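Labels A, B, C, D and E are assigned to the chains in the order they are written; within every chain, residues are numbered from 1.
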Amino acid sequence: MSEPAARPSSAGISTDPAHVAPLPRRRPSLRSLGLAPGKLARLRRLLYAHGPGGGTLLVLPIDQGLEHGPVDFFANPDSLDPRYQYELAREGRFSAIALHIGLAEKYFHEYAGDVPLILKLNGKTAIPPDNQAFSPLTGTVEDAVRLGADAVGYTVYVGSPAQDRDFRQLVDVRQDADRFGLPLIVWAYPRGEAIAKKGGREGLYAIDYAARVALELGADVVKVNYPVPSEKDAESPAPYNSLHLSSEAAFRKVVESAGRALVLVSGGEKVPDAELLAKVRASMDAGATGIIFGRNMWQRPREEALRLTRELHAIFREYAQPP
Amino acid sequence: MSEPAARPSSAGISTDPAHVAPLPRRRPSLRSLGLAPGKLARLRRLLYAHGPGGGTLLVLPIDQGLEHGPVDFFANPDSLDPRYQYELAREGRFSAIALHIGLAEKYFHEYAGDVPLILKLNGKTAIPPDNQAFSPLTGTVEDAVRLGADAVGYTVYVGSPAQDRDFRQLVDVRQDADRFGLPLIVWAYPRGEAIAKKGGREGLYAIDYAARVALELGADVVKVNYPVPSEKDAESPAPYNSLHLSSEAAFRKVVESAGRALVLVSGGEKVPDAELLAKVRASMDAGATGIIFGRNMWQRPREEALRLTRELHAIFREYAQPP
Amino acid sequence: MSEPAARPSSAGISTDPAHVAPLPRRRPSLRSLGLAPGKLARLRRLLYAHGPGGGTLLVLPIDQGLEHGPVDFFANPDSLDPRYQYELAREGRFSAIALHIGLAEKYFHEYAGDVPLILKLNGKTAIPPDNQAFSPLTGTVEDAVRLGADAVGYTVYVGSPAQDRDFRQLVDVRQDADRFGLPLIVWAYPRGEAIAKKGGREGLYAIDYAARVALELGADVVKVNYPVPSEKDAESPAPYNSLHLSSEAAFRKVVESAGRALVLVSGGEKVPDAELLAKVRASMDAGATGIIFGRNMWQRPREEALRLTRELHAIFREYAQPP
Amino acid sequence: MSEPAARPSSAGISTDPAHVAPLPRRRPSLRSLGLAPGKLARLRRLLYAHGPGGGTLLVLPIDQGLEHGPVDFFANPDSLDPRYQYELAREGRFSAIALHIGLAEKYFHEYAGDVPLILKLNGKTAIPPDNQAFSPLTGTVEDAVRLGADAVGYTVYVGSPAQDRDFRQLVDVRQDADRFGLPLIVWAYPRGEAIAKKGGREGLYAIDYAARVALELGADVVKVNYPVPSEKDAESPAPYNSLHLSSEAAFRKVVESAGRALVLVSGGEKVPDAELLAKVRASMDAGATGIIFGRNMWQRPREEALRLTRELHAIFREYAQPP
Amino acid sequence: MSEPAARPSSAGISTDPAHVAPLPRRRPSLRSLGLAPGKLARLRRLLYAHGPGGGTLLVLPIDQGLEHGPVDFFANPDSLDPRYQYELAREGRFSAIALHIGLAEKYFHEYAGDVPLILKLNGKTAIPPDNQAFSPLTGTVEDAVRLGADAVGYTVYVGSPAQDRDFRQLVDVRQDADRFGLPLIVWAYPRGEAIAKKGGREGLYAIDYAARVALELGADVVKVNYPVPSEKDAESPAPYNSLHLSSEAAFRKVVESAGRALVLVSGGEKVPDAELLAKVRASMDAGATGIIFGRNMWQRPREEALRLTRELHAIFREYAQPP
């Protein structure tokens, strides 16, 4: 191996935290990923030419209007207007904004050149039940190319009973992304009635598996949630049911499982600043490439959001790596 | 933001009506929408060159023969003959008539040039139950181009258990509309067994979500129903279950959620004139671009319908905006 | 309107038979239909150059071997051999014979030029239950073009829970028919478990709706069954549940609903001659363009069938109209 | 009609055996079938240039490894090796061997030119239940062309609840066969939970219907099973429930229903020689074109199988017809 | 037959072990398989130019991250990093490494030229239940060609209620493999609720059937599990329920059923060395072409794994055959 991976190995099942979730390590370098020129050019634009730079990613998603409905905008009524997020992305110097075709076609033209675009290619509403979760396409890689996007996003519901349709749909997206040289960012979410019986979607088993699936299916970047230890872990398959890792150690394990897929950490619901910044540091320490914070950003008033953004930039600068 | 959107923001959940449903505002200008030339040319034809003009839309739909069956024509037997609606659209100077392929192929040739055509591209009958509502295609964007239509219409059943097929089908329509430069009008209807458990299809939660979904999926124009406050709102997700907005305020909220998708208000079942005209004024005050009245129009005798149309023209003139 | 349609109109629900099912009227002229040249040329061939002529249609269907099985041929064993029907069509001077691909490919070559062909494009067997009725393709419009057919036939099961697949399939057929200029004849049958709860498939509600659906979806000709008043009408949606029309008046209503789709009346099971001829006259009086009699024809011995055909020709001559 | 079909006809339902299952008759001549040149050339090769000739067909199928599993080869362990059947077909001078893509790609090259190939294009295993029987494709007509096959085989499960998918799949196969000029042999099997309630898959109702369906859907040759009268016939639809025909008469009825589709008789499970040869004679007397015997052939030791083949050749010579 | 297959044959059902599972025999030679040039060139590369050579195959699979999740890597934490397996394949001189698109795109570029690649084209997670097992595509043959793979792998779940979709999907893969000249390796796994009722997926009935299905559907190489006799065999269809073969004899039977599809033996869960090596010898004696050991390899520490590999090379040398 060209990069050292010196870790003790063992013939039995190892649940020693030092093995399972080793110490912080460097992020994969873009050079090591064997990327085609188009993907490399666009990832360098996102990781070095925009946003905090230095090989990090700070992404602002605004797909909640589709995924959750306008309900998420009550916390900050300004945020109902997509220009709020676009302007936050521009003034806060985010690496990119991530959204669906409608918000791209109707608003991006005013921000093109200033804010890189990640076009989300599939989604669904929160209205029908989630037990057979599946997100149909809302756009295509060709749409992304036409609009000048720098990457595409795809949500895969790992473990859903509908995962066969999901994987199949992803193949087409992945191939088009290969064909056009667009980086593929996979939102890897454990979901559906089957995972509910194996420790739930917030457990390490679920998130760890989801990260690996994204790697296996060809993600260039994978967005994962931060694992939350809970009593439900006891229902996970062995040895996950007896690992008892902290959130931080669990997340390090997830980053390992993602291999050469760069890792984005999801923000989830809005939490206090100190907690948020601690999570960011822990993520970057674990080898994450960046964060994707939506509600934690745009549910705040503009000035408060911009102040938080500045703090994130400062943190990210500490983790800068050459390309 | 280039246009001011000065509204107080808040870190907590805001249910203050002044925030949730702010005062009337101007409609989005065509110029702000970033439209491709074909869409712009055709929308200007519909909004300025035909009908009441001044950036408004007065649309006459006649898809009820498919959606409800001939049962809707009993109130005015003349209306069973599609020429009744075509002639009403011509003499009443409607911005356009909206109908399915069969009524376009067999009748439009007699009115081409006089009445712009919106080709409805999907539909279904009212015979099977609605719990998994889905409208298959009845025509394509290519049909619309061939027939000289100025826009296409698509019905999406937001929240239906079949919404995955629906969204997927809409992607193809939306892409063809982008390709040929035809404006896409989305009939955004909450429907199906899931929404019935969340306040029902006439509640603000449902209609507000539907409007946003249309925006997210790429609608140029969205047709929505007017929200009707009722006891069922209590079953909506928070904070919708405690908003207690008037119909007018609720509708203003919906227009906000639709963003840069122009809003058409649905007429629904036939109501008395005064009630109807009040609804029109309230809609235009809220920022709607126009109305789409079917049964409220052609279930009336011809002279009565034409008289009502003249009143609508008069109202619309008050809301004229430059392109 | 260019053609007078002088009927009293009413603001309330009209169930006055004189309004609902007005007096006999002329059939739509081919000229009024806005047909493309290919469709016009072929329809003129069917309506004027073959069969009884004068704008009428006398069609011999032989799709029962697929739809019902060989069981229908026991009444007249000769009829098991498709040549029986082909020769009946030739000697009885039918406007066309309607059948599936197999009977076209194996037998039509002996009758080409003498008997125009309507290729049925979808069908099914009677073996599985009918509650989710759907007829898959058995051939395509390209097959019809290759074989020299003058029209294509498609069966749509209006109101079936599978109608979404059905409508979708029909779109492809309709578009190919438009593309190649072949008239589209739609067998519009209410069917499935949903219509069974709304008065059944023989009620006016069902047949009236089916006729309109065919018009809306682009049929050039629609084949409908003759409505049969029964106690089940009471389960139809209002106002159908209280119309109490005679079969004749009900059929006139159906012809109105079909608009500019020419109407073919189905024969159904074999009935006595007097009854049959009365039905033919009533149909033509109501504005039908012709009849499509299968079992009523070829379940009879050859000479008897030919004698009946001559009587039909005589009746049709009374209803001749210029093109 | 160019060929006489002198049979008494009747206005009522005829269940007179002399009408239902008339006396032996000649097979359809290739000339009467209106075949395209490619189909004609290949059918003449199968019916005249190979095998017993004289317009007959002696086909050796070896698709049981897929349809039933290796279980069928226990009776004669040699038969597990596909070369056993290929060599039997060569030395026994069969008209063709019928098998799936794998046995064609891996073995046919050693026998090409000696043994004509019928490529079976769909199949399934016997492991899942048969109530919704459907055989997916295992190959395509293009595969058959590439391999130099002289015909293709397709299994349709008539009456299965999945018959809509089946018919649709068959359309594509049939069209490709038309396009490339390959004869289409349809294995027409009544199957599934619906037919089980109507007399079962071995009754005349089922087999008769299946033969007709093959004709209607475009089969050039149809393979049917020999009807087996049983008590279950009483559950067949009228008048099948009261016909009480012998197996021989029932089979004559089936051949009539198949019309101009040439008929192949299935062998089914292994039976004693005398019984088998009697069945062959009865089949040919009834107008069958040939037989397709699998287990009855290759479950026998080689010399015994070859001896039987010689007897079949002798019988077939008696039924020779000019092309 | 060109190669002698002298085995006594029998007219009755033979369950004599000497017939059912004859003595060891030679593997099929590449020359006998009738392969197209592209397949032949690539198979010779895998069987002779890399790995142990002499016509044998030693394959290292690393698809467990998708199929089982990261859970399989706990036994040897180093193995979580795909470079561990790649380096093991390189240093252990494996014939090829088998994995999915993501591990190919992100890592193969560092080992290209050293380690031949088998691209797995379909897969699934272990999260949803297995009763209707089906693996959707994760990549295509075109991906394999683009990446320079020497073969493709496809998992078919024989007997699953979803096998119709599976077979259909396999046809496309098989045709593309034929078109591009890539050898097709089929992972033939009995799976699903139906096989569970017929002796289970580890019984001879299941595995024997699966091997034959792979041959019938066009596999060039088939991967099978080693049958495990158990009490559940009594639930297999006759005569499997009374064969009482040893594992070794049962496996010989499976190799016979696979015919000219080369056989790879699966390793399954990790077992002690002596047991493993005995299984390898028995497999090669039975006519297998090689083995595919995953967890038995990379769940071991590196040096232990390399030592085992050397032993396998030594064994394989004993079974070398000329091309």
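Definition applied: contacts are C-beta pairs under 8 Å (C-beta built on N, C-alpha and C of every residue); 3 or more make two chains touch, one makes a residue touch a chain.
This one's a predicted model, so the numbers in the text were calculated from it and none came from an experiment.
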item: Chain hops separating chain E from chain B, counting only touching neighbours; value: 2
item: Chain hops separating chain E from chain A, counting only touching neighbours; value: 1
item: Chain copies touching (chain A, chain B) - same or different residues, decided at half shared; value: different
item: Whole-Å gap between the CA centroids of chain C and chain E; value: 58
item: Whole-Å gap separating chain D and chain E, where each centre is the average of the chain's CA atoms; value: 36
item: Of all residues in chain C, the ones touching two or more other chains; value: none
item: Order of the ring members, counted from chain C so that chain D is second; value: C, D, E, A, B
item: Touch list for chain A against partner chain B, complex; value: 63, 65-66, 69-71, 74-78, 80-84, 87, 100-103, 105-110, 123-125, 127-129, 134-140, 142-143, 299-302, 304
item: List of chain B residues in touch with chain A within their complex; value: 1-2, 5, 7-15, 19-20, 22, 33-34, 158-161, 163-165, 167-168, 171, 174-175, 178, 190, 192, 194-195, 198, 205, 208-209, 212-219, 237-240, 253, 256-257, 259-261
